[in-house]
Amino acid sequence: MRQHESVRGSWGSSVLAILRKDWQSELRTRYAISALLMFVITTISIILFSLGSEGAPAEVLSGMLWVVIFFAAMSGLSRTFVMEEERGTAMTLQLLAPPSAVYFGKLLFNLVLIAGVNLLTVALYSLFINGFIIKTASIFIITITLGSIGFAAAATIIAAIIARASTKGTLYPVLSFPILLPLLLTVINATRLAAEGAFFEEAYGEFQILISYIVVVIATSFIVFDFVWKD
Amino acid sequence: MDLALAAKNLKKLFNWRVIFRDISFDVPQGKTLLITGRNGSGKSTLVKIISGVLAPTSGSVSISGVAARKGDGRHDVLGLVSPYLQMYDEFSASENVQFALAIRGLKPDGGRVDELLNRVGLYERRNDAVRTYSSGMKQRVKYAFALAHRPPVLLLDEPMSNLDAEGISIVRDIMSRQRNEGILVVATNDLTDIDHYDLRVDLNAAT
Amino acid sequence: MGARILLGVWLTIVVILGLSLPMVAQPQQWYDLPIIPGLEEKARIIFFHVPTAWLSVVAFISSMIYGIRYLRRRNPEDDIKSASAAGLGFLFCFLATVTGAIWAKFSWGTYWNWDPRQTSIFVLLLIYGAYFALRSAVEVEEKKAALSAVYAIIAAVTMPFFMFIMPRILASLHPEPILNTQGKVHMNITMLVVFLSSLAGFTGLYYWMWRLQVRMRLIELSDAQKLGEHSRG
């Protein structure tokens, strides 16, 4: 009688396997990427048309940048969970991996997605929109980085929640907005500081808030994810 | 400790209706458990509970005799074939089976993947997307997927669905090998699916 | 039975006193209320606005705690208590937002100001709305209960950030309020007594309404369970 091999796979490889699977699937079907791309291009075009040749004050432009990013996140970040439910592979994942690995793998996937979207948005914004000039680049870079991580963190756990509901489309922004609002207010403020040419130290308060937000949301998500994912 | 699959007083309610109650069994190594019941009696629900995907309303399931990962652990010691378990159909059979290995932290093993796909008769079509497969072929991929990590416990829900004569004989072979090497659980209405069993749970009488 | 009558009488007295005690510039009699410059008679709204805001927060925390209990023990009664608290909280939050806007109009000239308190109560309203949108989008009872509990926890965990964020944003963006700069009300002893009594009375009202709803839903639940246990699965 054969001895039973014990499978001692590491949690980290599970996470990476899930990330790779989501990424390869995305490359083949290109659902999220094309939706996000079209969204960003269309929205920035609309902004350009409505501003005309005038431009707008730095405060307004800072706010609008993050509005674009928020709605881009809403159109693309739920896919990683919703797709599994829609095609019936959620149960496959439940069978194959511990919930924490599923959460973390999909968090990383969303992070890659939103990072790409944000880079594109910032690039287009800087190139085409008059009046959007960043005087303190260091603040801006940190803000975009921390903001992306924060967006990914909140958007992923909410995506997991709505994937289990029936009317997924409109529910996602409704649930996400109150949760993302602290993050939004902080990054908008920090972006404004960067545009005004504030000293790096002046944004410390914002950075502290961003980092705590990220830590709190991810830690809480780890704890509650089991209840969302398992029946 | 020897390999064993045990359940104690399993009860399941769904929207307050009792699906089944007082289900208990103890399956030692080398034995086969048969689960029967008419349509809607909860066979697939019971299989899901055994596999750890669904939680019972009360009662417990345990698998002893194998070291598993910390935490729930059933991922590593169970294989499941079920009409409810879907493959990733934009990927090929090869890639699906590779994923079954990689997600459990096992090294990618092209040789083993090929061997499994050969065993279920899908070697020629192994690099085509599962989306292009017939339903019988999809059922066969599920077997390769379930066996990738050599699970001590194999759960089969409706084992012969969509299979032609060749598929049926492949599955019978898998079933007898599993009987020798571990524990086999089969849920079905069609008693010709299985030629031998040691324990039986009949859900027709369980509410 | 007696408690309910007492509650009703208490609240009636509070409302009457709140609306009718005279407001004079130099309070001398024990029943006089001070005039707050800029607000005068309209200051009476404090007796009603603050309790509703207080209750919307109490209800939210209560909903979250029962939600956590549900996740631990999977007892449907906990979910009923959680949802009932949220329902009442939603109602009181709506009242708080409206009465707050009215007070803002009196103090600062406009109905909406995006000052910390108005923004916070509005966000709480959004959270309540999202909570119920989520509940109505899930059909399976057990799932509905688990998901709403999780959302309540996530919302509760991110809300405190507003306390740190609002001062930073405020410092940069907003004009000084026109009248009654601090929004604070200096209360003399009579006012304080009426205010605290109102707070207590409304809390009692909330508790009574909550218990009533919970009891009603518990009956519905046990009916459904009895029906389910008898039918074959």
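Should a chain be cited, it is by its letter among A, B and C, assigned in written order, with residues numbered from 1 in that chain.
The working rule: a residue touches a chain if its C-beta (ideal position, glycine included) is under 8 Å from a C-beta of that chain, and two chains touch if they have at least 3 such contacts.
All figures in this text were calculated on a predicted structure; none of them were measured in a lab.
Sort the chain contact graph into one of these: line, ring, star, complete or other.
Topology of touching chains reads as complete, every chain touching all others.
Is the number of contacting C-beta pairs greater for B-C or for A-B?
Ranking B-C and A-B by C-beta contacts puts A-B first.
Which whole number of Å gives the spacing of the CA centres of subunit A and subunit C?
Roughly 32 Å separates the two chain centres.
Approximately how many whole Å separate the CA-defined centres of subunit B and subunit C?
Taking the mean C-alpha position of each chain, the two centres sit 51 Å apart.
From the mean C-alpha coordinate of subunit A to that of subunit B, what's the distance rounded to whole Å?
So the centre of subunit A lies 36 Å away from the centre of subunit B.
Note the residues in subunit C that touch 2 or more other chains, in rising order.
In subunit C, nothing touches at least two other chains.
Touching at least two other chains at once: which residues of subunit A meet that condition?
Answer for subunit A, listing residues that touch two or more other chains: 231.
What does subunit B use to touch subunit A in their complex?
Interface residues on subunit B, with respect to subunit A: 3, 29-30, 48, 51-55, 65-69, 71-72, 75-78, 80, 84-91, 95, 99-100, 102-106, 149-150, 152, 180-182.
Mind pulling up the subunit C residues that touch subunit B in the complex?
For subunit C paired with subunit B, touching residues are 140-141, 224-225, 227-229, 231-233.
Of all residues in subunit A, which touch subunit B in the complex?
1-2, 4-14, 16-18, 20-21, 24-25, 28-29, 87-89, 91-92, 94-98, 101, 230-231
Spell out the residues on subunit A that touch subunit C in their complex, using ranges where they run on.
154, 157-158, 161-162, 164-167, 171, 174-175, 177-179, 181-182, 185-186, 189, 192, 205-206, 209, 212-213, 216-217, 220-221, 224, 227-228, 231
In the complex of these two chains, what residues of subunit B are touching subunit C?
Its residues touching subunit C are 12-20, 41-42, 207.
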